[in-house]
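Shown next, in structure tokens, is the structure this report addresses.
Labels run A, B, C, D and E following the written order; every chain starts at residue 1.
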Amino acid sequence: MLEFNLQHSYPGFDFQTGDVQLPGDGITAVFGPSGCGKTTLIKTLSGLEKAQGWVKLNNQAWQSDKLFLPVHQRRIGMVFQDAALLPHLSVQGNLDYALKRSGFERAQHRAQQDRWIELLNLGNLLNQSVLTLSGGQKQRVGIARALLSNPQILMLDEPMSALDWRTKNELIPLIKDVSKASKLPILLITHSPEEVERLADQVLLLNQGRVEQLESLQQTLSRPDSPLFDEQGAVSVLIGQPGKVSDGLQQIQLGDNTLWVKPLKRANQEPVRIRVLARDVSLALSDPKDLSIVNHMPVKIDELIEQPDHRLLVRLRLDNQQHLFAEITQQSAQRLNLQPGLVIYALIKSVALAE
Amino acid sequence: MLEFNLQHSYPGFDFQTGDVQLPGDGITAVFGPSGCGKTTLIKTLSGLEKAQGWVKLNNQAWQSDKLFLPVHQRRIGMVFQDAALLPHLSVQGNLDYALKRSGFERAQHRAQQDRWIELLNLGNLLNQSVLTLSGGQKQRVGIARALLSNPQILMLDEPMSALDWRTKNELIPLIKDVSKASKLPILLITHSPEEVERLADQVLLLNQGRVEQLESLQQTLSRPDSPLFDEQGAVSVLIGQPGKVSDGLQQIQLGDNTLWVKPLKRANQEPVRIRVLARDVSLALSDPKDLSIVNHMPVKIDELIEQPDHRLLVRLRLDNQQHLFAEITQQSAQRLNLQPGLVIYALIKSVALAE
Amino acid sequence: MEFMDFFAITPAELQALWLTFKLAFYTTVILVVFGAPLAWWLAFTESRWESLVSALIALPLVLPPTVLGFYLLIILGPYGWVGGTMEAMGLDHLAFSFTGILIGSVIFSLPFAIQPMREGFASMPRNPIHAAATLGAGPIDRFFTVILPLARGGFFTAIVISFAHTLGEFGVIAMMGGSIPGETKVVSIAIYDYTQGMDYAAAHRLSAILLILSFLILAVFYALNRRFMAPLKL
Amino acid sequence: MEFMDFFAITPAELQALWLTFKLAFYTTVILVVFGAPLAWWLAFTESRWESLVSALIALPLVLPPTVLGFYLLIILGPYGWVGGTMEAMGLDHLAFSFTGILIGSVIFSLPFAIQPMREGFASMPRNPIHAAATLGAGPIDRFFTVILPLARGGFFTAIVISFAHTLGEFGVIAMMGGSIPGETKVVSIAIYDYTQGMDYAAAHRLSAILLILSFLILAVFYALNRRFMAPLKL
Amino acid sequence: QKMIIAAASDLKFALDEIHAEYLKTYPNDQVEVIYGSSGRFSQQIENGAPFDLFFSASMEYPKDLQQKGFAATEPKLYALGRIVIWSRRHDASQMSLNDLMERRYRRVAIASPDHAPYGVRAMEALQAAGIWDEIQPKIVIGENIAHTAQLIEFGAANIGIIALALALNPQLSRHGGYSLIPEDMHQPLEQAYIVTQRAKDNPIAFRFAEFMEQPVAKQIMEQYGFVVN
């Protein structure tokens, strides 16, 4: 568990977190506009910037009135926004720097390293000076280095901003695994709502140096005004039980309903997270035929939420009580005469589902 | 028109463009995975890195066998991947540096500057040292500086990677305007297919130091295997004529068909670009009723293209001959018994349209 | 006035002080202006000769100043290579002249000026220089508006060390200067003469004056540097 | 052997050479080891006194070395503040001893060592140091594995200048060393004595030996530096 | 047994020879001679220098040291120095001091009248000749008498006043020529030595002092242009 209350100020910028408690594992997304204090948060938490206040990780005090544990004793795996590689060393040198101080046994070094080198595709770069790396290469080395340092907590400052989607797509599940496997709390700074929705367990919303909100991803997503929705509109995240695969579609059980999605990569029996964009959900009064849309689910209208630009957000309830957003035009709503309480069909194209 | 043929090599990396011709205005997206040579391309084009070969802009030679026009005489508005601000100056100092050498008349400076300061939300930062800026703030200053230098060509190296979506969303139309208004060719390096689809007129695909493809956005998008589609699947870009707005929906004329979309911000009479994700298009054998989906368009099936994971890409033809992709499951295709030549209905949620 | 009275400076001493600061000033200016290109070359050349040239430039330091002065006396005097050529051209040889001791001081402080400037150049970040070029700044413009500010730590070190070192220069000037008042009799010679003549009170007084003046000038240097370096520190 | 024959070095000269390099070596080591913390403080302090302390440290440069040597002679000699105290404690005073000229050389070259190291520290990028801390590197570890490599340009300059400057040191040693063979008679004194004795052949020979040896050492220094700095240049 | 002699630099050649002679007589004595400026040695002796015998180029320094208690013996006069006009380029053998005013002698070198005994005597002679003030603009000053001779030797100064001892040195006597400046134009250049206080129990110091009184030594001194009585 990471608990803190920090104050710091720069000329023209005032930073105050108030009391914050983050759970001992899982991923906390730190979300907010440019200049809101995201980097400041992890700098002060890590002790790189000396702030007022206190910080405790798993009940061990890092900072209090009397005490200030130096950065190097906090065992933080930090990925810096600008990579912050050691410029006098090669890629291998940077990784070794982390490994040597990781506490991993020497015999393990090779295995640890190979795992991330392969995933982050650094194999060809090991002997290259970090000064000559491309933007994305730098970022990948930064990520590998942080993971190799055997940290108690990870703090990632926009770790994927310079990465192409392919690397990103491979990295995201791995970060998740790391967090789960090692019970490692992770602070993830990102501008991308998609990254938040795919990765986060809770969301810490920062604005102008203040913690505006700390809530679970579910909670954030159930608020139609969530800042996460600013980019792509509302999103629902449904939790379901994976079932079998047939005809190239994976069955996901949501109470009595079945959702068909792209086969999951890692098909174990654990519940999975299904992210559905509200704009990908269409509504029909009756169960339509002759339609390419695979998923038709009976739902009940909970609420109609007016949105700017003549749009309407419809909060729907599945029979297992999970909620689902649909974004439609007000015109359509009038045409279909939608009202709260009405039972209708939600249509979700299977291909619109993403783990 | 920017023409070039450049060769350069770093240890372990070989860069060869072959003959390339880019049109004299419009936006060329440079797209490719991390380390493929995107930054190298603009460094060698600009003369920051001295490569073998030749470069001509608008028939003026920048580099040839005999000649090497120094960087400062090429009038390039460059946004560096790592911002490359002048560290000894304030934000204002950086902007002034560009303005002083821009060739703009002194009287214009203020107006030029105010425009970008407002858009990029730099007003509060003018007197701050650039060393203390946040990641996104640096990037915004870098963009403003390049635009203030009154360039003949813009070269932008992932200019929006550290920006939040709001700034991004405001910036994208402006970059487009700049390009159009001043007939300024723009090279835009990006990892984001969305940026490419929203901005680019043509796409230059780089891979392992080679130009793999240079084609118009339309061409790229008509290839189902376009690397642009790797992330979100296939995308169609339709060109239509904006019409009037009613009930909060904007009419877009596509030949005989009408598409209803979110009202456009800038409603002049010019044709607009409508980006439709293939996965946002559903197919129906008959025109369905009782459905929240607003846009139903009769289309003819051109081709069924099998995709991995039991998916199917359906190429559809509108009656004005533009094509539209729909991505559905193979199961659905079988259920609906889709065949080339069949006339069916394409359903597009209006809210899924983005300019 | 009271200050002057207290330190009871003689006109001859005043002249020596003035000459000293003039010499230090000119030496520093020459070293910075002409040394900078050389420092630049050394910082960026790929030439295999770089180490050798660098070592060569450091050599004036290795010779004792009195010995260096002795050799300069030979070279700049009428039988020497330089002085002889000058006499042949109808000019005066250079021993015993301000120009002569200026040349001596420049040679003597050369390594002090080159090495820090070179270091300053070598440790500049390159990116801002590239950025300035794309913004339309030509080489000269870039030099003054970007390179100099970025490498100014090196320049500052070069200036402070060259200046201070020339203020205290004794050996070279003693050997080739001839102690000519107003021309080559700098403060260091004057103080030395006092100590050797056992006029310790005068030696202390003149040393104190030199130290106080130098201290003030250096403190101002450092304060300015502090002020201007501040934005680069983070 | 042929080389030795050609340069026909006498045992006394060999002793003087050895002494000189020993002095330069110790001086440099002391300056780097003890100067680094001071340089660090100067580079990062927010104190208002920084400019004054900096100016103060530069002062040894301003006094002519002979005069500085004269004052050191007085202070370190048996009647001086330091030497007197030492005699009272039953120790030897420091004038005319190797320790004495070592102290003199250290003081004299202090500004040469401090200023470049300070500049090296000030111009380091901070980010890698922060990164090293998050990777678990404590202060000492960081100093040797990150700070030193990043600031090594400054250290290199400090080392080269202090070393070379001490090789050629004359004034201070002449005043307080007393030319005692094997103890304080360094090469600079020996060459000077030759010039004074008009034994020019010997002066040239010894100068040449000093220059060649120094040149070789410096060239190796620079070559090593070139080698190790290379990865930082881009 | 060891001893260090500090000697004025004008003694360089003479004392080297005497030293050699001495060692022939007392081969077991270790004697080290250091040459330099009398003023500096005197200061060093006051500050604990390990010198046993001090041959000054003047009488004042030894006297001063004795008064301050640094001498184990009375200052003992061992020679009178003579000064000469010498030039490398010109034949000075027929010249008098007044000739120094001639225009062709642009630079006239003398040793420092502030602290070099030879410089003081040169100044006195020029004053006696009545040209001291007039000649000022042409005067260049050597740090000590050997340096002064060098200034002339390398042509930096056209002419100057140096020690007879140096003018007789083969290095210089090859060129030009010298003329002796009359003894009555300046105070006698009395050169004295002392045994220092620290050497009061060092027999070699006294032995060497005594050797200086031997005819061998005196003859050598005379040979190098010193007046011995």
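A few remarks follow.
Keep this in mind: contacts are C-beta pairs under 8 Å (C-beta built on N, C-alpha and C of every residue); 3 or more make two chains touch, one makes a residue touch a chain.
Quick caveat: nothing in here was measured; it's all calculated off a predicted structure.
Common neighbours of chain D and chain E under the contact definition above: C. For the pair chain A and chain E, chains touching both partners: D. Of all chains, the one whose mean C-alpha position sits at the greatest distance from that of chain A is E. Between the Cα centres of chain B and chain E there is a gap of 91 Å. Averaged C-alpha coordinates put the centre of chain C at 19 Å from the centre of chain D.
Averaged Cα coordinates give chain B a centre that lies 60 Å from the centre of chain D.
If you average the CA atoms of chain A and of chain B, the two centres end up 26 Å from each other.
Among the residues of chain A, those touching two or more other chains are numbered 82, 132.
Shared interface positions of chain E, defined as residues touching 2 or more other chains, are 40, 43, 147, 150. Among the residues of chain D, those in touch with two or more other chains are 70, 195, 232, 234.
Interfaces, counted as pairs of touching chains, are A-B, A-D, B-C, C-D, C-E, D-E. Put simply, chain D touches chain E in their complex at residues 70, 73-74, 77-80, 83, 93, 95-96, 174-176, 178-181, 193, 195-198, 200.
Remark: chain A residues 46, 48, 70-78, 80, 82, 84-90, 97-98, 101-103, 129, 131-132, 145-146, 149 touch chain D in the complex.
The part of chain E that touches chain C in the complex is made up of residues 37, 39-40, 42-43, 64, 107, 109, 112, 114-116, 139-143, 147, 150-151, 154-157.
The touching residues of chain B, counted against chain A in their complex, run 10-12, 32-35, 38-39, 81-82, 124, 128, 132, 134-137, 140, 157-158, 161-167, 169, 191, 193, 230-231, 233, 247-249, 260, 262-263, 279-280, 282-286, 288, 290-294, 309-311, 326-333, 336, 347, 349-352.
The touching residues of chain D, counted against chain C in their complex, run 50-52, 54-56, 58-59, 61-68, 70-71, 111-112, 115-116, 119-120, 122-123, 126, 153-154, 156-157, 160-161, 164-165, 167-171, 187-189, 191-192, 195, 203, 207, 210-211, 214-216, 218-219, 221-223, 226, 229, 232-234.
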